[in-house]
Each structure stands twice: as C-alpha cells, then as structure tokens.
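Note that subunit A is present in both complexes that follow, paired respectively with subunit B and with subunit C.
Entry: the complex of A and B
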C-alpha cells in the first residue's frame, strides 16, 4: 500500500513532535534520548526521527515525520526529505536568533522546498513578537525562497491543520498551473 | 457551444487537462461507485477529473430520479453548455459501465479542452508572487490562502477555485498585490502535457518529485481525512 510523507523540521524544542501528535491518529513513535544540550530546558530530544501516521481512504498511509532538530543530525535530512510531499519548518521565536535558525533549514532542505511545498510556522510569538513575520518573509526572499510564513501554536490542532492546508494549496496550485499550460 | 463534430475533431488532442465534475441526483451507492470509477480510470482517461460540489466543468445529472425503478440515465452537461445539443453523446446509461464512463469523460474532456484557447483566454495567464506579502496585506484566511496559491504560479481560475474567494475578493487582492509591486503576471508556457501522465507511464526516477510522486486524488484524500475541505466544497 502506498505511503506518503510530510516532514516537520525545526530547532530542538520548536514543537515537531507536538505538532505531529496534534493530528496523528496514533501516538507518535519517538526515538528520543536524554538531552545533553543545557541551553534547552527539556529532558529528552529527538535523535533519529519520529513519526505519526494518518490512514487515508483506500488504506494509503500519510506519514508525519519529525526530523531530528539538532544541526549535527543534518546529514539525515536529505534522506528523510526524499519523496516527501512537503515540509513544515517550525521556528521557536524565543530562541536567540530565529532568523538564523530559519537559514539553517532553508539551506538544509533547499531541494525539497524547490520541488515540493513548504510552510514556515513561527511559534511563541505571543511572548516573543520579534522578529515579526515580515522579517522572516524578507529573509526568505533574500534566500530566494517563497512560501507562506504564519504564526502557529502547534499545541493547537487547528493551527497544525492550517499548516497542512497551506501545504496542500501549494501542491494544488501546481496542478492547476500545469493544467493552464496545456 | 461544442457539437458532435467538434468533439470528434479534438479526439486526438494530446493535452491532458485537470477538469472537475459534479454528481447530482444519483443514489448514494451509484455516486460512490461513479467517483470510485473515475479515480480508478484516471490512468486511462485523456484528462484528469476531480469531483467538486459546485462550479464543475462537467455536471453529471441522473435523469428520472422519480422513477420507481430509479434513474436509468446520467446526462452530462458542460459548464455553460447544453446537454441536449450533445445527445446522445452526452448520455450515460445506468448501471454504470467503466468503458462507457471513460468514453463519456474523454468526449466531454476533449470538448472542454477545445473551448480553452490559451491564445485568447486572459485567464490562462499565470500569476505568482514576487515575494511573500507583508502581513498588512494578509488580513483574512482567504487572503492567506490566495497568497499561498500565488506562491506557486497559478491561473486565475485555480486561484478562485482553490481559495474559495469571490471574484471581487480575488480582484481586490490582486490589485493590492499589483500596487505593492508583488504580482508577476506571465503568459502560460507552450502547451505540453497539462496534468501528470498516467502513473503507469511515469518514469520511475520521477518518484521523488511532484507531481509524478503524487497519485491522482491523493491531495483530496488527505483533505478528506483531515477534514480540510476544498474551498469549493465549503
């Protein structure tokens, strides 16, 4: 039976596993280990990948894959990105330099972003409004990337669904454009 | 208005369009069967067909719904067209037969393709954003959807259909983007296969890239499962 996947990436603690849990029909399978990064106050972190899944009509599976957050696991990103429908980049706006964080993932997933769909979701904007969303858009423009950037609280299922809606719209736009060029 | 002669003339058209259809007055069982058949037949039909609830390119309407034995025929009506002028080519007898359904979809699809002439159709222009708009321009969810669609090049028709925005809302947003210097309008590229060729013909190495990687209807199935209805189904 066919399997498809959507990736969730972002810094450690940005909420990848939380986002997956918000919409997965099964509790996410996790590959977590004790966190040794003292700059982030969480006891464990994802070191491989974690995933949830959604069964589609006809038995197909949509996998929701969370990448390991730390840049030292960047070698795994191209492997995880292969064949993905799209990418959600989760930014934690409470971190010291969220724009630099964005750069890491724009570069690390450049191929997938160009070929598929991408949404940038900025979290913790209620407590950390700066940099604003427009600053992220300008940074993406400077990197030659054009995709939606929206605020998101991934503990809310509706916010996560909005992210997927925006991914799907990009894929649907592509299908419609192809039809127009006929 | 297309006629039988026009249908025959476009029968060999190589263009594969993404077209929509709606189903009316069919029993729940037959409607489900019809939709399933369309999906299964996608690798054989000359055009890609998606089911929508309104503004479809092709309306499939069961005739004789009041008949005690149930409807015996489905009439096909093209957008802005007249099914009577196409009869009997526009009729599909019940019970459903896959080959007859395929033939009907191909005839209607070719006729619709013939109506779409990119040379004199302003709607065939592709629209896209120069870069992501400032948040001040994205006041509503609909505008966010439109901007997202425009982050990939898309036609005006796709923009309206997929965002669910009214014609006026669409025009206002596009005007705002034009004034902000954010909108790129370009002629559609030369004709090629419009929609991904049937998966059987897709090269294996294309598996990693859209659209060859996404089987027909996948996006609709994801939306359906997550309760994310298409704008035109809301």
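Entry: the complex of A and C
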C-alpha cells in the first residue's frame, strides 16, 4: 500500500507536535528537549522531528512529520521536506508579528510549496483576531503563493483533519488519487 | 538562555581540557539540549551556533533511535565521515542538560576521544 508524507511546520509553540498527536493512529515519535529559550514560555521544544501516521479511507498511509520551528534548526527543513506531498504551516497569532513568521516558512519551504500542496492554519485567533485571515492571504499573494488560509485549533482532532482534507483536495485537483481521511 | 556562571565556567574548562589533552581535535562545542551554545572552540561564532543546533538535533534523534530500537538511553553518538568523526556525549545536569560535541580528524584516536569526552561529561554533570 502506498505511503505519503505530509509536513507540519511553524513557529515554536504553534502546535506542530500537538497537531500530529491529535490525529496520529500510532504513538507519535518525538524529539523534545528542555527549553532554555526564556522568550517562549514553554517547557520543551522539538529539536529533531515529530512523527506520526494516519490511514486514509483507501488504506493508504499518511506519514505526518513535524519540523523544529526555530530558524536555528533550518538545516533540518530540507531534510524533512524531501518527498513530502503537502505542507501545513501553523501560525501562532498571539506572537508579535505573525505575518513575518509566515514569511520565514514561505521562504524556508519555497521549493516544497512550488511542487506540493500547502495550507496555512492560523491558531489562537479567538484571543488574537489580528491580523485577520485576509492579511495572510494578501501576504502570500505578494509572495506568489496561492493556498488556503484557515483558522485552526490544533488541539481539536477535527480541525487538524480539516487541514489534511484541504491538502488532499489540492492534490486531487492536480490529478492525484489519494482518498480522504476518515 | 539562563545558564549559571558556574555551569558556563565548567563548560569552558571542559572545552579547554578536550582541546589540550586530545590529538586531532578540530573543534569542540558544548551546547544545551535545545541547541544553544554554552562554550566552544571553533572558527567563527556562526559555525558555533550551527554546530550547537546540529548537535541538539542529532542527539535527540539518537535518543529516539535508542528508544525505538529498545536498546535504552542513548548517551553517546558517533558519526564516521570520510575525513574524520563527530562524537556527541550527553551530560545531564540538574540545571540544564548539555551535549558535548567533538569534531575529530582521522589523526584522533577515537577510543581515547570517547573516554575523555565521557569523563568531561561526568565532570559537567557534577558542576
């Protein structure tokens, strides 16, 4: 049975590890280290990768791979992006400049975005509504990227599944034949 | 990053010892588990930062491989390359977990490097 890889990226604390844990059918593999960066109130941070799996309706397996978020780990990004069919960019709207954060990942994964499906998921919009989704769409358009931008709470399984659906729809539109997630 | 002067001083002393006592050492970095440099001997600050992050990722992947392979906790990781070796040893400290990362040329006696690196890690744990 075919296997495919979807990559989750975004800033530290945006919810990459949480998103994968929310939908993975197997216990996720994690590489978390004690966080010493005092600018982010978070006890641990991913320094290598996260890994999970989910089965599609057709029996195909989606491998869910999470990157470290910080730019000092950017050397891991192309390694993990290799062979991915889709990219989920998680944005934490409570951070000081979420649009600048988006730029980092649009640039860091430009090669993958040009070839694969992409969706941008904006988190913590309930408490931090600005910038709005339109601002992200405009920013992406200015960078020549056209992909869905949606609000998401990645602690909710349904929200994460919706992100996968959006990726799979793009792949189907391009002629792929992946079934949707159950 | 909040590292106490005591730990930082111990890390600097550890770097000095490794550079002084071992033959064929190209560079030494002592980094936090999450990839920030604490002390090091390497050409250029940027290289120090990159190697610290790299040591963090590799060490975490080594730990994951140990778990998944059911062979226990990974305390040391060795990478053999065409012109030398990279060696990473963990030093678990109450305040901050550290990684000792050594880049050695083919001239280095790798058993000696590993032995000394583990001694240094033990000293750091008690700092």
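Rule of thumb we're sticking to: the second predicted complex is superposed on the first by the 165 of 182 C-alpha atoms of A that agree within 3 Å, B and C clash if a C-alpha of one lies under 4 Å from a C-alpha of the other, contacts with A are read in each partner's own complex, and residues count from 1 in each chain.
Here is the rule we use: a contact is a pair of C-beta atoms (placed from the backbone, for glycine too) under 8 Å apart; a residue touches a chain by one contact, two chains touch by 3 or more.
Since this is a predicted model, take the numbers as computed values, not measurements.
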item: Partner contacting more residues of subunit A (subunit B vs subunit C); value: B
item: Which superposed partner A:73 touches (first subunit B, second subunit C, both, neither); value: second
item: Subunit B versus subunit C as contact partner of A:170, first or second or both or neither; value: first
item: Which superposed partner A:100 touches (first subunit B, second subunit C, both, neither); value: neither
item: First, second, both or neither for A:146, with subunit B first and subunit C second; value: first
item: First (subunit B), second (subunit C), both or neither touched by A:49; value: second
item: First, second, both or neither for A:161, with subunit B first and subunit C second; value: first
item: Which superposed partner A:137 touches (first subunit B, second subunit C, both, neither); value: first
item: Shared subunit A contacts, counted only where both subunit B and subunit C touch the same residue; value: none
item: Subunit A-touching residues of subunit B, taken from the complex the two chains share; value: 15-19, 48, 113, 116, 118, 124, 126, 129, 131-135, 144-145, 147-155, 157-159, 161-163, 188-196, 207-211, 213-215, 218-219, 221-228
item: Contact set on subunit A toward subunit C in their complex; value: 29-38, 45, 47-49, 68, 70, 72-73, 75-76
item: Touching residues on subunit C, where the partner in the complex is subunit A; value: 1-3, 32-36, 49-50, 52-54, 56-58, 60-61, 63-64, 68, 96-97
item: In the complex with subunit B, residue positions of subunit A that touch it; value: 2, 4, 23, 54-58, 60, 62, 82-83, 85, 115-117, 132-134, 137-138, 140-141, 146-150, 161, 164-166, 168-182
